[in-house]
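Mind having a look at this structure? Questions to follow.
Order as written gives the chain letters A, B and C; numbering starts at 1 within each chain.
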């Protein structure tokens, strides 16, 4: 299928505009990260007049960025893995089975998206405290509590997304697998999941990013040992002033692992996975 | 619900058709028929088991706290009572009345904030979705540097929210910001406009919201686009369909299940978005961009009036529930015939 | 069937150790009798800086008493939320810093040990403390909910060279003089005064001061809000007019909420600044103490009847003890230590604030011109903000109303008495008791 000239032109223009839209603030961030603080506070200039890497050095000591970064990576990765696993099972159940309570489950799960986070906060904290008192498992001021909170936060959308995604996968695949003697679990793992890989990956990315960027619960439920980057960055805004250049530098540096991850996952989004699978 | 179980009826029929295998049947066949026998829907315990982890987590982390939050809305829960919740006096519907009474300033401001949020959410979701669709569709065709462009597009989503929004605060500064500088050099702005206060603040927060959110729409659409078999496009092309026609007749219908979820969820998140206005406007939003989540925060939680805040939140919840139900009913009616 | 069941159970079972592996409990200050948890607020250049300042003092305390104190420096963006959750769940630190404007609200929660006369005696006695500072630690007539730790007040900072260049020999003592000076100082390259127009708290603090000078008050004796009285309208208008009619403030300041006005002053873009003890911050931005002068905040040249001789709120940080602490004695000992003469000198000297105890007021550490000026304000012309639980609503509502007025002024709209009254009246209607 060849592309017409008009289509090619449109494609180039649209993609360039989008790239510009995304790049301009990013460029501002990079440029500000290499300026001394005073220049950043003044009029914006595209290129720094006195470039310096001081911000990249100071940012590790103004705020314990290394520790925060490690916490964020651990919490987000764990939350993503567990969330995706739980979501896959739930989505498989909802999309492949009709059972009593299915609609109720879906509606309940959806309704959790409608409550402002701040309303959850106090009651959830209370629950964690009571659990800690009863069982000794430390859930507040700990990474575990964050993991549990975050993986639940990303569940509703993950389940919905996967239900939609799995729903689009033709039943013919299931039937073919069953004819070959596979039970539901094997069908799920051997046949459906590989086909649904782009969707699963999108969900994994979403779950990771939800945990990565969450601010409200992290600000209350962590202490200095378990604090994550999302909240930790606010430490650059001190009683004195906002260390703009360090904020920019830190943001860029902490986004590197995530962006690298995106780059790495590119090839799993390649098309052509289901074409011809149902024969 | 997002999908219908299209051929389940067929599967059920096949499953129920099989009975105990006759003795002497080779084990493989017996296993197959055993699997078939397990198939009758509604009687299997497997779905419940599969759902259990999700259910437990949702109950403990979301449902129970929400219920407590709703309970708080019926009580007079201020700083006087946070230490011992059980002694908080029962306030009945007083918090709700204070919230919804349009004769009071509180009620009027809340309603105003509500309309602002509706306008903002609709615009933001529409734009994010359009940009995501455009990027997804135009990046279908492989070309050199495609992977890099994809990664670039996902970068705003990868940035921590504080960093992304504070950068835009930076850019939107009236005197030192990039936006006004660019407008100046093009000669557009007569006198330098404010972006973070006054009438333009709505446009400002819209831009920031779309900038942060469209990569997510792009991600989901891109994943869903992978599922569309190339033959459909080929067939349409051979039938003489142009670009927009292929989009309308092949791409969009195939994307429908995913779009249905995506748009609803984007709507709910944008409506409830707290971080973006909080960071962009430094804690207190100008009236023209007074989004409801920050409005509820400022007028209640920030001043320790949890009863009122909870009432406002529950009211918001009911509204969003209504919208979602209507949305799902309307969109489902269109999905069913396509099965 | 068995295989299927097993698979699902195995998958579920994997979740548990996965969760456990992901989690890691952290130290929250165990119940060991000789340990305290202390949440300090951010007073210095950064959280790490604060930690470095406090740790030697805590080591000293341990040497003296054998009690270990685990300190966590909490950023202001989080402090109130975390105090709230600690108060609600009765779990958290033993000793905390609180902003003194929160005192009345904190008192209302009942989560803190009240400092009645006996308890005050345990930390060194009521009379040691600066009366104004102690008055900002809770509602009048009730035992204080905390004791003052660091004291601050507003002062007027002015750029010496810019003043000399404009031919102004001495800093203004009245608002009228300030406006006149400001007009001389405002030219194309610089402005007379820098104002943090979008910062809701700053606005509220100045509203308080002006209201005092005009003879108004924000709450009546019964604790009901009285926002839209003529005196308050005049007070707020006087402050907004600095930008609206006098035009000595850059309209761009209407969106300042991240201490940009301090940066403007440090970068010589504005000649005057009204702020609390900002010397350390100016130093960090390369403006040395010899470049600026510090003088008390001006008064009205001819105050109306009922106007009070007040030019600042009593600002500062208080230190409080949670009732849920398991080490009450140790906690009080720590408070006594932090408010002791030696520590008051060390800590306040580092942070640039003033001691909350009278006994070290004359210490050489506080002899710098900036500290002397603030001291004078604190001891003679400062008053505490209304110590009512609705104080935070006052700050939010009135501060936001002023932010909107600044925005209108910056956009060229006329700021009339009526406009101000309408905004304040609307703010008052939203107060919930």
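The rule we apply is simple: a residue touches a chain if its C-beta (ideal position, glycine included) is under 8 Å from a C-beta of that chain, and two chains touch if they have at least 3 such contacts.
All values derive from a computational prediction rather than experimental measurement.
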Review point. Draw the chains as dots and join the ones that touch; what shape do you get: line, ring, star, complete or other?
Key: complete
Review point. Hey, which pair has more contacts between C-betas, A-C or A-B?
Key: A-B
Review point. Rounded to the nearest whole Å, what is the centre-to-centre distance of subunit A and subunit C, using the mean of the C-alpha atoms as each centre?
Key: 36
Practice item. Mind checking the centre-to-centre distance between subunit A and subunit B? Centres are C-alpha means, answer in whole Å. Key: 14
Practice item. Please set out, as single numbers or ranges, the residues of subunit A touching at least two other chains. Key: 41-42, 86, 89, 122, 126, 148, 183-184, 234
Review point. Of all the residues in subunit C, which ones touch at least 2 other chains?
Key: 1, 4, 8, 15, 84, 88, 258
Study note, to complete from the structure: Expected list for subunit B, residues touching two or more other chains, is 38, 46, 50, 53, 82, 175
Study note, to complete from the structure: subunit B partner, complex, touching residues on subunit C are 1, 4-5, 8, 12, 15, 84, 87-88, 90, 105-106, 108-111, 198-200, 250-252, 254-255, 257-258, 389-390, 392-393, 396, 399-400, 403-404, 406-407, 410-411, 426, 429-430, 432
Study note, to complete from the structure: Note: in the complex, subunit B contacts subunit C through residues 34, 38, 46, 49-50, 52-53, 78-80, 82-83, 85, 98, 104-106, 109, 169, 173-175, 194, 196-198, 281-284, 286-287, 298-299, 302-305, 308
Point to revise | Interface residues, subunit A side, partner subunit C - complex | key: 37-38, 41-42, 61-64, 74-75, 78-79, 81-82, 85-86, 89, 121-122, 125-126, 129, 132, 138, 140-145, 147-148, 183-185, 219-220, 223-226, 231, 234-243
Point to revise | Residues of subunit B that touch subunit A when the two form their complex | key: 1-8, 10-11, 28, 31-32, 35-36, 38-39, 41-42, 44, 46-48, 50-51, 53-55, 57-58, 60-66, 68-69, 72, 82, 131, 134-135, 138-141, 147-164, 166-168, 170-171, 175-178, 181, 211, 216, 219-220, 222-227, 229-231, 233-234, 237, 242-243, 254, 257-258, 260-262, 264-265, 268-269, 272, 274-275, 293, 296-297, 301, 306, 309-310, 313, 316-317, 320-321, 324-325
Practice item. Using the touch definition up top, name the residues of subunit C that touch subunit A in the complex. Key: 1, 3-4, 7-8, 11, 14-15, 18-28, 42-48, 72-73, 75-78, 81-82, 84-85, 88-89, 91, 258-260, 262-263, 267, 280-281, 284-286
